[in-house]
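What follows is a single structure, written as structure tokens, with notes after it.
As written, the chains take the letters A, B, C, D and E, and residue 1 is the first residue of each chain.
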Amino acid sequence: MDKILKIKNITKQFGGLTAVGNVDFEVEKGSIFGLIGPNGAGKTTIFNLITGIYKITDGEMLFEDKRIDNLQPFQVAECGITRTFQNIRLFKKLTTYENILTACHNNSNYSLVDSIMRNKKFKTEESELIKQADELIKIMGLWDRKDDIAGNLPYGLQRRLEIGRALALKPKLLLLDEPAAGMNPEETIQLMHLIKEIRDRFDLTVVVIEHHMDLIMGICDNILVLNFGRKLAQGTPREIQENSSVVEAYLGKEDTSC
Amino acid sequence: MLKVENLNVYYGGIHALKGVDIEVSQGEIVSIIGSNGAGKSTLLNSISGIVKPREGTITYKGKEIPKLPHKIVKEGICQVPEGRHIFANLTVKENLLMGTYLRNDKEKIERDLEDVYNLFPRLKERITQMAGTLSGGEQQMLAMGRGLMSNPDIILLDEPSLGLAPLLIKTIFEIIEEIKKMNKTILLVEQNAYKALSIADKAYILEQGKIVKKGYAKDLINDDSIQEAYLGKKK
Amino acid sequence: MDWFYIQGILILSGINLLAVLGLSLLTGFTGLFSFGHAGFMAIGGYITAMMTVNFGIPFIPALLIGGLSASLISLIIGKLTLNLKGDYFCIATLGFGEAIRLILDNIQYFGGARGWAGIPMKTNLMNVAIINIIGIIILVNIIKSRHGRNMKAIREEEMASQIVGINVFKYKLTSLAISAAYAGVAGGMLAHYLGFLQPRMFQLIKSTELTIIVIFGGLGSISGSIIGALTLTALPEMLRTFSQWRLVVYGAAVIFIMISRPQGLMGGYEITISNIKKLFSRLSRRKSETGAD
Amino acid sequence: MNSFLQQIINGLSIGSVYALMAVGYSLVYSIMNFSNFAHGGVIMIGAYIGFFLMTILNLPFFISFLLAGVGTAILAVSVEKVAYSPLRKRNAPFLYFIISAMGASIFLENIVVATIGPTFRTYPAVFSSTPINIGGISIGRLDLTMFIISAISLSILIYIIEKTKTGMAIRATSYSIKASTLMGVDTNRIIFIVFALGGFLAGIAGVLFGMKYTVYPQIGFITMKSFIAAVFGGLGSLPGAVIGSILLGIIETLTSGYISSQYRDLIAFALLIFVLVVKPTGIMGKSTEDKA
Amino acid sequence: TPGNSSDSDTVKIGWIGSLTGDQAVWGTCEFNAVKMMVEEINNNGGLLGKKVEVIGYDTRGDAMEAVNAVRRLTSQDKVIAIIGPNSSGQAISISGVLEEMKVASIATVATNPKVTVVDDKVKPYNFRVCFIDPYQGAVAAGYAAEVLGFKRAAILYDITDDYSQGLTEFFEKNFVEKGGEIVAKEGFKFGDVDFRPQLSKIKDANPDVIFMPYFYKEVALSANQARELGIDAVLMGGDGWPSDQLLEMAKDAIEGSYVVNHLDFDDPDVQEFKKAYESKHNKAIEINGFLAHDAVKLLEAAVIKANSLDSAAIAEALSTTSVKGITGQINISKDTHNPEGKEAAIIKIENGGYKFQEKYGVK
């Protein structure tokens, strides 16, 4: 089978603290992969390592069989990996539309000189970008808020916009960090459908961090559980739900539906 | 004990709260439930004095609450704000001590500190870490711990379970019940409506700035329309 | 007022404007705050003068060379300092501006602190206006392109910019280089307007004046920068008769504008035909609304 | 060897002047997160207050010194009220504060030029100008006094900030005004305290500075150096400001003495850039790293 | 021409200089002196029978401001001539406007040769009443080497200041030519207040004399610090020194120093003007006041000579005017527009006062 992302024994230390210790896993192309674990287990840190925001202390990371551990964040993005943030990071003072349009930039390659000259290349590529942005905004259901300042959108729409912005890059791998945080169960269910839908539509692989078990169990093909920076378990939702150490460290005994 | 009457709040042109009335009695847990942007945080912020309502009154123990936020805290109303309003540049311990800013009972503070460490052992491991580098959930624990340290009469919790692991959410709700047992009053804002309703005495449903329903929590939890809208259960 | 005098004010406003345009790209659109732009003006001024005086190169090509040299130097500075955050970058640029001046003070080839007299007077209202118009067009074209959008993204949120594939460092460097080029050309024009260059013309106060104009006009607004450059160059002139009270009023005016319009004059808005139309339609709508009441 | 020691002493004495100014600046920075360029103006006014108290009212040195501190504390608080607090209420970005501060600094300098006049004024001699001589090295009495006063006031300040409850509230407020309000902190009072403390330090720095180097409307200019020193040491860190100042003083004297006085500042700046390239937050600055 | 204002019964003259900024002390004094002189002229019947009005603008010491100010003076205010500015940078920058508007300026203390002559060509509308840097530097060096017999000289100078750099250059050149040795040459930057690092180095070089070509505030600080460090060399300076304030600020430290000055303070004419100024303004007069006095005198003489209030005619006349000023005999040379042959006054500081030694000139 085709593994799009291979994480081989990565470690990240902050001073004396091992935030991620010797973790390895592989993500299958086209799948939805869940990353769960107690607070402070190192989930966000793994995203930060994959996207190049932190440098790994030890180990190896391969994306489509290319090393990505020494890349700058923007280079990682150029490879086709992008993400959303646990605490939303939009371009707050720009409009919804500008947020998306900006993120489309890599789908064109007119130069600074082209833009100054306003030549043909600029014009065709720019109108192409605008078309892409329009389309994406419609898909994300943000068309009627497109001229709103991103920072003024309600929380749920901000999350949606952040996902939209990530999609604008036409990524192959999308990392979602707690996309349902702050959403009520109803909204969470909508989000679940949205994730599935964009996976199919854009032919994506998705890695998602969540504490909402409904969402994780509902959409993931494979789940990795972290605890204290180390791998605790890996398997299908069913396997995970039945794994006693996971139940003990993370899920708790009672019913988990919220 | 706490009474909000005809509260109207505007952000520029946005009418965020439209004539909200709520009432909280001593020793109760009261939940506010509503979807994103309904105005829940705005309500708590108005009570804390951070947002100035255009109209309406808020009375506490029969008196109108003071104008300035820090005086409101002095009256014994403490908010654990939404998101992570912890002090990133202070250590974990200093953050907890900030909770005791208005207190002078040194020995009791020491004991309370121990209690908080017992509730959240993770914090104890990290007392000298800069709070800004904690994980999301750890920061949430810290915010909660800090709120407890201020030993208020009434505690306003804004989405305390946000971003917490399931096991921890359980703990948090247990803690909330603990707090109630200490005869404190709690006003709880939650997305996790099921959990919130199951521990609350009373609840209000807030929609687009208006209270659309109120009642005893155990009644609301069985209400069909509420089940559909907030509990994620299809009919 | 006499036209001859107004012309003088306009020329200086124009020279300031050119430097401010560049700074506006850097500060207003990319979110970097520089205290060293007088240094780039100085480099541009001296190199341009060297080209016209010592090498006999015509004025306009000499200006371009001056701007380019400032730009090249800015690349070196940028490489070293653009990773610094906020005030650290500010102070680093401040240090750079002072360093350039100190070096020029010591270079006797350029006359050192005693200055360089006898530079041909080539700058006039005509060429100042034309160069500014070209400058504005180039700037607007940059801003209204993916490159400009990327710069704004960096201003808003650096980490998210990285994540959407923007090479933050490269764009910061580009923005700095462009702004330095503008400052360099402005310096060249200044040299050929005064016919004289002296390092002390490029003191820190000159850099701060430019920054004040940018922020006064409103960050992220080209029209704001233009209005800012015109008013803030003209303001001290209007206050001329106040003699030593002039700068007291100027200081108070700066505070007053900041606290009463903390977004600057234009607050990030642009004066464009479509915006003017929008404004009018809004005004007329408001009128009809109140009429209906 | 003697001349080397003499240079070190010279460096320490210059450094302690920078330190006294840098700390007030750094204090305000730490809470407001912007460079208070009006600080130089406040220092200048402090020097004038001290001067007039001693010459016109004939007050003794120490009283004038303290009164000048009080005067500038009031001034600093008023500057905050007029030029910053309206911005603070609107959550304006730091750039606007800086510009407002520059306006204030232009205003203060020129109001003195326009009213009191630009003339230089010399403090009456308080300390004997014959230096203390130890083995061929001379230490000025005023220098020594300045050094001691700096050391005392800085220790008190650092104690307040690091060890007291108010100090903790100051640091908390510097991170988030909203959150500290929710903890019951009267943030307006905290900001008042910070500006008063910073202003007081500026005032006494001004008096000492004026005694040593005469008084004139542009003396605030020298604070540029202490800004640099504060950055050098790490913005917002008080011990950093002190260390940065002393280091800058020593580096300046040693480059003047052994490399080139003509290029002294150039070398000092190059060193500054070097330090920042190696450690982008200065010597003692903590990196509040952006956490994703 | 625009400068012609003969149709009204007042005539305007302009002044520019620093009323704010770091040169404000000198600028303010200059402006006061000019106003006093104009009052005196008006009391004596005015210029060619017309009342004189003076319009002064602040330049902050900034060349760009100077250009704007001169544009305003010449076009809007229509002055017949301009007194000032007080620095070379400004004086050179305004040449273009002066030429365009055909209005002359008489600089007070702009001592850079290029104020009046660039590339061996004299600028038609720039004049001055002070002697120039090369001359002053040569006088200082000559007096130090030949009269005082010093062999080892150290120089401390302000690298960012044109005046200071100019004097340093010519002092060094002449002193070495006369067989002396420069044992140390140290710089500082405007705004510095501490000179001990440089002075410590100078101390090690053990000079006979330290040349300090800068303004008196820095002179006072550096002289005090030099004595504090135990340096006992003789100090020497130029026309940036003379001021009562210097005596106040550095009484003991400068005792026995030599100053190259434009004038002899004991001269009765000087005393008279000084007294008049000080009683009127209740402030000590600075050296610029005397030169401003002479600049106005020169202008008055030129107007009378031209017998016209036309600015171009006045400029024409200026280039051959002679007048006796309080700083000495001023004979403007047609080729340089400088007061040629003006001797310098050597002054020694004795018993806390300025003591005239002799007039001293070099070729």
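Quick notes on this structure:
The rule is simple: a residue touches a chain if its C-beta (ideal position, glycine included) is under 8 Å from a C-beta of that chain, and two chains touch if they have at least 3 such contacts.
Note that the structure is predicted; figures quoted are calculated from it, not measured.
Of all chains, the one whose CA centroid is most distant from that of chain A is E. The interface holding more C-beta pairs in contact, when D-E is weighed against B-D, is D-E. Rounded to whole angstrom, the centroid-to-centroid distance between chain B and chain D, based on C-alpha atoms, equals 42 Å. In terms of their C-alpha centroids, the spacing between chain A and chain B amounts to 30 Å.
With each centre defined as the average position of its C-alpha atoms, the distance from chain A to chain E rounds to 72 Å. The distance from the centre of chain A to the centre of chain D, each centre being the mean of the chain's C-alpha atoms, comes to 47 Å. The residues of chain E that reach two or more other chains are 19-20, 24, 28, 159, 189, listed in rising order. For chain B, residues that reach two or more other chains under the stated contact definition are 133.
Residues of chain D in contact with two or more other chains: 110, 113-114, 224, 262, 265, 292. Those residues of chain D that touch chain B in the complex are listed here as 165, 168-169, 171-172, 174-176, 178-187, 286, 288-289, 291.
Residue ranges of chain C in contact with chain D, taken from their complex: 27, 33, 80-81, 83-88, 90-92, 94-96, 98-99, 102-103, 106, 158-159, 204, 208, 211-212, 215-216, 219, 244-248, 250-255, 258-260, 262.
On chain D, the positions that touch chain C within their shared complex are 29, 34-35, 82-83, 86-87, 90, 92, 94-96, 98-100, 102-111, 113-114, 224, 227-228, 231, 235, 262-263, 265-266, 269-270, 272-273, 276-277, 280-282, 290, 292.
Remark: chain A residues 51-53, 72-74, 77-78, 82-83, 85, 89-94, 98, 101-106, 108, 110, 112, 115-118, 122, 126, 129, 165-166, 168-169 touch chain C in the complex.
Put simply, chain A touches chain B in their complex at residues 14, 36-41, 44, 86-87, 154-156, 178, 181-189, 211, 213-214, 249-252, 254, 256-258.
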